[in-house]
Each structure stands twice: as structure tokens, then as C-alpha cells.
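Below, chain A partners chain B and then partners chain C, in two separate complexes.
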Partner chain A sequence: MNLWHQLIGSLPGEWAQLEFMRLALLAVLLAAPLYAVLGCLVVNSRMAFFSEAIGHAALTGVALGTLAGLADPTPAVLLFSALLALVIAWLRRQSAVSSDTIIGLVMAGAVALGVVLLSRGGGFNRYTHFLIGDILTIAPGELARLAALALATLLVWGLLFNKLFLATLHPVLARSRGVNVWAVEALCSVVIALVVAMSIAWIGLLVINSLLILPAAAARNLARSTAAHLAWALLFSFLAGVAGLLISFYAATATGATIVLAALLLFLLTLPFRRH
Partner chain B sequence: MTGPTHHHPASCGGCCTQLKHFGVRLGEAAVLEEISLHVHCGELTAIIGPNGAGKTTLLRALLGEIPFQGELQFVHSGSNQQFGRPRVGYVPQRMDLDFSAPATVSDLFASVSQRQPLWLGLGRRARTEALCALEMVEGQHLLGKTLGALSGGELQRVLLALALHPLPDLLLLDEPVSGVDQAGMELFYRMVSQLRRNLDLSILLVSHDLAAVARVADRMIFLNRRVLADGTPAEVLTSPLVKQVFGMEFSEAEPGFVSRLPAHDSCPLPPPEARP
Partner chain C sequence: MLCCALLTLVANAAPLRIVTTFYPLQIATLNITSNAADVVVSNLTPPTSGCLHDYQLTPADLARLAHADVLIINGGGLESFLEKARRTAPRAKVIEASAGIELLAGNPHVWVSPELAARQAENIGAALAKLDAQNAELYRRNAAAYAARLRALTEKMRAGLKGVAARQIITLHEAFPYFAREFGFTIAGVVEREPGAAPDARELADTIKLVREQQVRAIFVEPQYPTRSAEAIARATGAKIATLDPAVTGPVSAEAYLQIMENNLAELQRVLK
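The block that comes next holds the complex of A and B.
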């Protein structure tokens, strides 16, 4: 950690002299690959609405954590989001109703419940930082948690990648090759939910989903293979993250939303190269 | 024109897949019942029937997607007969695949044949095997192509090569040429025909295209919840029951009747028992 501070502190620029910026940069560098690889998954398996719903529904997790008397509601948010992901995965499997409708219902219900619980007595303003997020307040302890989550996520993702690929492409074909599609999809939903839920305090639940979607969608404009898709997504995710962080510092804007705008710009720049 | 007319007796001469008292219930309703079939090696058996006859259900049950009653086993030829569940290969409908994903043919083969994540590339052994499989469908040049860049016929040949790798006991073709142009369809069926002989494969084909099926199948089964007719395409298509269901008039005496069959799904009539 000291090495990190020395290394970044030696860079030119006012921001590099500030400890909170050095920590925020580390957070961005840890989170960017997560958003990139999970984003590719979300975009290819058309789960964008699912991850959006999980981000918004995290509000209920915050409310439940607060009601339970937790000073930091993060464990409640993680638990609630993971459970919700499993419920949605299960409902999609069981029900004949379209999964868009199911996710829409669950999202509306969870957001409403969260707002109702948090606004009791007119105190919702205390929680608006979950809407916008603040990566500049990230503490070393939180960074350690983020690093652990990143490691676990990349491990699961790497081990399941081929199965996920096949399940996304064609579930019946995947099952005919011995892939347990339901288990793979449920696990993947939970991982996405955990990463989204963990991120809302820093990025904000209004824009967190864009950070998953945009780098992967921009990468899809250029990629002609799975490996190229991942490589471009990683590049765009790092680029948008670092650029957004620095711009937000000098422009004094919310970091999460600034990163999203940088990613959106990358998407628009790659759009003309789309072949179809 | 009518294809080979040899027809094995009901006993299992060489190797074959046996269904005995095979049935599927969905809730209270019996979708399939009392299906007893021997699908012989080296033989292409086509399943025809009106919409809702249970053709897709049969394939799904054989794939292990839904539970069934009765017996399903593969019987090997040779001195010692061995029994077991058949290893099933599956060629899905073209329409069910997502073409917008940046996946290549190489990615597809990597996902089923190696443990290491496919973005690390196709391993050397897996590559050799994939090229061998593609050679059977004259598709070696397709290995590096993106799925979305393949023509309909090319994609179905790739999916056929994938289903033959590793070699299955029973190959299921589910409307394999829907959405494929005439030339692609003829090439596909020519390859299936050759492979059935060269590899001694047992193949079950479900298709609405009676004309094409009649040309390529060795044997035809008319299914409507039960097996209602079983024989050569000429026998089955001229049976009174089939004529009644498909609403067609053709005479056995005319050798060219097959070419006059409608080229596409044309079963406007409900199954016989549903009519007053």
C-alpha cells in the first residue's frame, strides 16, 4: 500500500498528491476489469435489464440494513441482492411470463419498498449518496473487500467461462453437452448482483449499470471474436474509469457519472466501426 | 427420388437406440405415450406429424430436458451387447442462435472441448479435433469465422460438425434447415446422408418440410401423441391417415409424388381426433 502511494505520488498533477485520489484510483483499477468481464457477459446474454434491476433494488438492501441497526448497510445489501438474483433466476425458470416482465415487477417492488422504508419520517435525504455514490470516500478497508470480491469473481468467471459461453449461446445445446445451465446462470446472476451491490456506495445506483454495459457494448462494435471482445472491453473500462476519475477531480463533478459519460463517449466513437 | 427403401425389421440387428413404452406427461396430459421405436444405426429416421403432435417434446425428452416414462437405451452390436443411455448429439434450429455475439466457430469448439477458458484460444489438440470434425462437413475454412458472418447453410454444417464431436450414439436434427436457402439445404442433407453411412450413425430428424424429408429419410414415422405410421417415406406418406391429416392427394402409382409435396409447413388441419 505504501508502495502504491509512493508510486502514484511521484506522478505529476495535483491529484496525485492527495491520498483519497490515490485510493480512488486503486478502486477504479480493481473494479474496471470486473465491470469489463461481467459486462461482456451481461451484454451477450441480454441481462442488461437484470443488472439494472439489481442495482436499483439494492435500495431495499440499504433500507433493511439500516432497519437492522447496521452502521454500514453493505452486508445487508450484498445478501439482499444475491437473494434477489436467485429469486429472479428461479422465477425465470419456473414461469411462463416473459423474463422482462418478471424483472420489471421485482425491480418496481424492490425500489418502492426501499423508498418507503427509507423515507419513513421524511428522512430520505440522508440516503441520496446511494443514488449518486462517492468513490473519493473509499477507505483502505473497503478496498480490501473490493479486492477480495474481484479475486473471487474472476476465479468463478474463469472457471465457468466455457459453460457460460455455451449456455448463453444456446441453452438446449449447452444442456446436451452436459452443462447445468440453471446452476451456471444462477451463480453468474449472483456474482453480477454482488459486484453491482458492492459498487453502489461508490458509483451510485443510478448509473452503476452503465458501467457494466457501456465498455462491453463499445467492445462489441469492434470485436470479431470472444477474446477480442474481452480485450477491448478491458481497455475501454480502464480508459473510461481513469479518465472519468481525473476529469471529475478537475471539473468537481460526481465521479461515477463522469466515468459513465467517458464510457458513453467511447461507445459513440466505436459505433461507426460496427459491421452488420 | 424416393431414396432407399430398405427397412429393417423391428428387432435390433446392428446397433440401435431403443425406446420402449416411452411416454411424456406434462401435468395431467399425456403428450407422448406408448412410443416403442428402434432407431437403427446407419439409418435416417424422420419424424413427421401435425403441429402439437409431440415431435419437439420427443426431442426434448431424448435430450434429457424433460422427464419421461419407459425405457431409453442404446444397444451396441458385436458379441457382447451393452446397454446404456445413448450419447445424444444435437443440431438446433438456426433461428434459435444469437448471431450478434462476437463468437467464432473456433470459440464454439473450444467451449465444448477444453477446460481452459476459450479466450486463451483453442488448444492444439482441440484445434486438430475441431478441424477433423469440420472436415466431415467440408468446413475447415470456417474455423476462424465469426458465427454471424456464416451463411445459413454454413452455420448448420458447423453445428452438425459440433454435434459429431465427439461422435454421438444418436444424432437429433431439429428443423435443421429452417431459414436456410435451397442450395444450403441440399448440401446439408447430402452431408447428413453421407455421414449416416460412413459413420454408421442413427439419426432422428424432425422437420415440417415433407418433400425434403421424403428425399433424404430411410424411414419415416408419423407421430401424433403415439406412433401412427412407421415405414418407408413412400409407405407412410401414402397411408390414408397421413393423407387425411396433411390434406393431400397423391397416388402410390405415381413415382414423382414426392416432388409434388408442398415445400413448406402446410398442416392447416388439426389432428384427426380434434376434429368433430
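The block that comes next holds the complex of A and C.
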């Protein structure tokens, strides 16, 4: 950790002299590969709406954590999001209604519940920092948690990549090969939910989903293979994260949303190179 | 049957319904109306709401407002959210507690100074005495007694803070200019220009620079707001985190405001000595 501070502290620019910027940069670098990897998954398996729903529904997790008297509602958010991911996965299998309808109604229900719980006593505005997020005040302890989550996610992803890939591309073939499609899908939903839930305090639940899908979508414009897709997504994710952080410092804007705009810009720049 | 019950209720009770807009006014009014016959004091917003710039009215609040005979507001723009809603209570007489108190740059947080809280209590007492002749004498007496206790507390706090060397403080939002002026502190900066909204990188960097340059000893957070930003500043600068309560939430009891200020005194002495 000291090494990191020394290393970044030797860079030019006012931001590099500030401890909170160095910590925020580390957070961005830890989270970027996570978003890239999961983003590819989300984009390929058309789960963008699902991750959006999880991000918004995290509001209810915040509410439940606050009601339970937790000073930091993150554990409640993690638990609630994971549970919700399983509920959505289960409903998708059970119900005759199409999947986007299921996700839509679960999201609306969860957001409404969150607003109702938080507005009891009329103080909803006090929770706006969860809508915008705040990566600048990330504490060393939270960085450790983020690193652990990143490690666990990459591990699951590495172990299950082939099965996951097959299950999303060709469920019937996957089933004939003995892959438990539902279990794989559910696990992957839970991992996405955990990453989204963990990040909302830093990025804000209004824009968290775009960090997941924009770099992967931009990468898809350029990539000709699965490996290239991943590589481009990683590059864009890092690029948008670092650029957004630095721009937000000099422009005095909310960091999470600035990172999202940087990612959107990358997407627009890659649009002309799209393969038809 | 129901009709009869309602009729008796109206005939018997008809107490003077006093509604205060938020917690510190409720505590002051409880003191002023202590032992008054046929008076009901209730607060428009729950005692957990904090500063009203965050507030959203609920239907229950509007119902209380509609039944109010007297509405006691802080004034100074704190109740701007109430402008429209006040039409639902056309018969309520409005008492502005801050009447005659000069505002610092339009900042409405006057009650945070116990001296100005005494002025507010006197204002409320005088205005209530005009509206309710039956209890007028009692209101005046109670208000004078409570104001005297607040002034005694001010003196005690002034004496207790005299020996404190560090005079520069940083507070969470702009709630303390009157308090600081009363006790000779300078607010070097605030963590959140908009309470509840996290400062951006530039603001955070400026505050850290300020803490270092002016050697600010402590950053004061408020029990009603999240403390993440203040903690980040404390981590970067080694300044202490302490709690300063603007007395906007707490137990509904006549002694509550005095107790909160006693706690503030102890906390200031603890971190700034």
C-alpha cells in the first residue's frame, strides 16, 4: 500500500499528491477488470436489463440495512441483491411471462419498496448519495473488500467460463453436454448482483449498470473473437475509469457519472468500426 | 352513534392545537406551554427528520397541519417546502420564531446558538400570549424562565470554552455559524455544501488543503448525516472526528435542547483542549 502511494505520488499533477485520489484510482483499477469481464457476459447473454434491475433494486437493500440499524448498509445490500437475483432466475424459469416482463416487475416492486421504506419519516433526500455514489471517500478497508470480491469473481468466472459461454450461446447443446444450465445461470446472476451491489456506494445506483455494459458494448463493436472482445473490454474499462476519475477531479463533477460518460464516448467512437 | 361521539368530542375538547414545524421549536414550545390548560403541542415532522432542507411532507403531516390553530415556524427560509402546503391550514395563526433576529447571509440555523434560542423562546412566548388570553400570563412566565435557563447555559458554555486553544473548526454542513459566533469559533470550511450530497474531488481537495494550512484540529460531523466524506478528510490529514449536534433530532422532552448543548460543550472541550 505504501509502495502504491509512493509510486502514484511521484506522478505529475495535483491529483497524484492527494491520498484520496490515489485510493480512488486503485479502486477504479481493481473494479475495471471486474466490470469488463462481467460486462462481456452481460452483453453476450442479453442480461443488461437484469443488471440494471439489480442496480436499482439495491435501493431496497439500503433501506433494509438502514432499518436494521446498520451504520453501513452494504451487507444488507449484498444479501438482498443476491436473493433478488435468485428470485429473478427462478421466476424466469417458472413463469410463462417473458423474461423482460419478469425483470421489469421485480425491479419496479423492489424500487418502490425501497422508496417507501426510506421515505418513512420524510427523509428520503438523505439517501441521495446512494443514487450518485462516492468513490472519492473509499476507505482502505473497503478496498480490501473490493479486492477480495474481484479475486473471487475472476476465480468463478475462470472456472465456469466454458460452461457459461455454452449455456448462454446454446442452452440445448449445453444441456446435452451435461451442463446444469439453470445452476450456471443462477450462479452467474448472483455474481453480477454481488458486484453491482458492492459498487453502488461508490458509483451510484443510477449509473452503475452503464459501467458494466458500455465497455463491453464498445468492445463488441471492434472485436472479431471472444478473446478480442474481452481484451478490448478490459482496455476500455480501464481507460474510461482512469479518464473519468481524472476529468471529474479537474472539472469538479461527480466521479461515477463522469466515468460513465467517458465509457459512452468510447462506445460512440467505436461505433463506425462496427462489423455488420 | 358516531355522530354523537363526534359532537361530544368537539364540545368537550376544543383545545388550542399548536403545531411546530420541527424539533427544536417543539422543545421550546413544550417549555413555554408547560402546565397550560387545553393546549396540545405537536410537531409537523417526526423528531427524526433533522434539518428541514431534506424534508418531504407525508400525508400524516398534512393532516396535522390542517387541524392546527397555531403554526410555529422557524422562518428565515427553512420552511420553504411548506409554502404550498400552508394553504391547507388557512385558519392557523403563524408565529415566526426568528422574527427580529438578524440572519447571517440568509442562513436559517439560528436555534443552534443557545442565546438565539432564548430569543426564539421569548418570541414564541409573546406571540402565544397574544393569541391565547386564557394562558397569556403562564406563557410569558414560562418563556422568561426557559430563556433564563438558556442564557445561563450560554454563559456556562462561554466560560467552559474560554480555555480552548483551537479556534478553527470544520463542520459537516452550514448549520453552525450562529453557534460559532456565540462562542468565538471560526468555521474554516464545511464538508458538504449541500447536506447529504458528497463533495466532488475539487471540494474534497480544497477542504484537505484548508485543514492542513489552518491546522484545523477537528472535523465535526452531525448525528443526522453520513460521515464518509469527513472520515476521508480525517484520514488524509490526521484531524480528529467529533460530533456536534445541531439539535434537530432527539427525545421529545423539555430538557432535550439543554442536554444536547451540554453534550456539545463536553465534546468541544474533549477534542479541542
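One rule holds in what follows: the second predicted complex is superposed on the first by the 276 of 276 C-alpha atoms of A that agree within 3 Å, B and C clash if a C-alpha of one lies under 4 Å from a C-alpha of the other, contacts with A are read in each partner's own complex, and residues count from 1 in each chain.
Throughout what follows, a residue touches a chain if its C-beta (ideal position, glycine included) is under 8 Å from a C-beta of that chain, and two chains touch if they have at least 3 such contacts.
All of these numbers come straight from a predicted model, not from anything done at the bench.
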(message) Please determine, from the superposition on chain A, whether chain B and chain C clash or fit.
(response) fit
(message) For A:Phe161 in the superposed arrangement: first (chain B), second (chain C), both or neither?
(response) first
(message) For A:Leu18 in the superposed arrangement: first (chain B), second (chain C), both or neither?
(response) second
(request) Using the superposition on chain A described above, determine whether A:Asn180 touches chain B (first), chain C (second), both, or neither. (result) neither
(message) Tell me the angle subtended at the Cα centre of chain A by the Cα centres of chain B and chain C, rounded to the nearest 10 °.
(response) 150
(message) Contacts for A:Thr101 in the overlay, against chain B (first) and chain C (second): which applies, first, second, both or neither?
(response) neither
(message) Nearest approach of chain B to chain C by C-alpha atoms in the superposition, in Å, rounded to an integer.
(response) 38
(message) Identify the residues of chain A that lie in both the chain B contact region and the chain C contact region.
(response) none
(message) Using the touch definition from the top, list the residues of chain B that touch chain A in their complex.
(response) 60, 63-65, 88-90, 92, 96-98, 100-104, 106-108, 110-112, 114-115, 117-121, 146, 148, 159
(request) Would you tell me which residues of chain C are touching chain A in their complex? (result) 45-46, 48-50, 53-58, 61, 196-205, 208, 224-226, 228-229, 231-232, 235-236
(message) Residue numbers of chain A touching chain B in their complex, please.
(response) 44, 46, 158, 161-163, 165-166, 168-170, 172-173, 175-177, 220, 223-230, 276
(message) Which residues of chain A touch chain C once you look at their complex with the stated criterion?
(response) 14-15, 18-21, 24, 119, 121-129, 132-134, 136-139, 248-250, 252-255
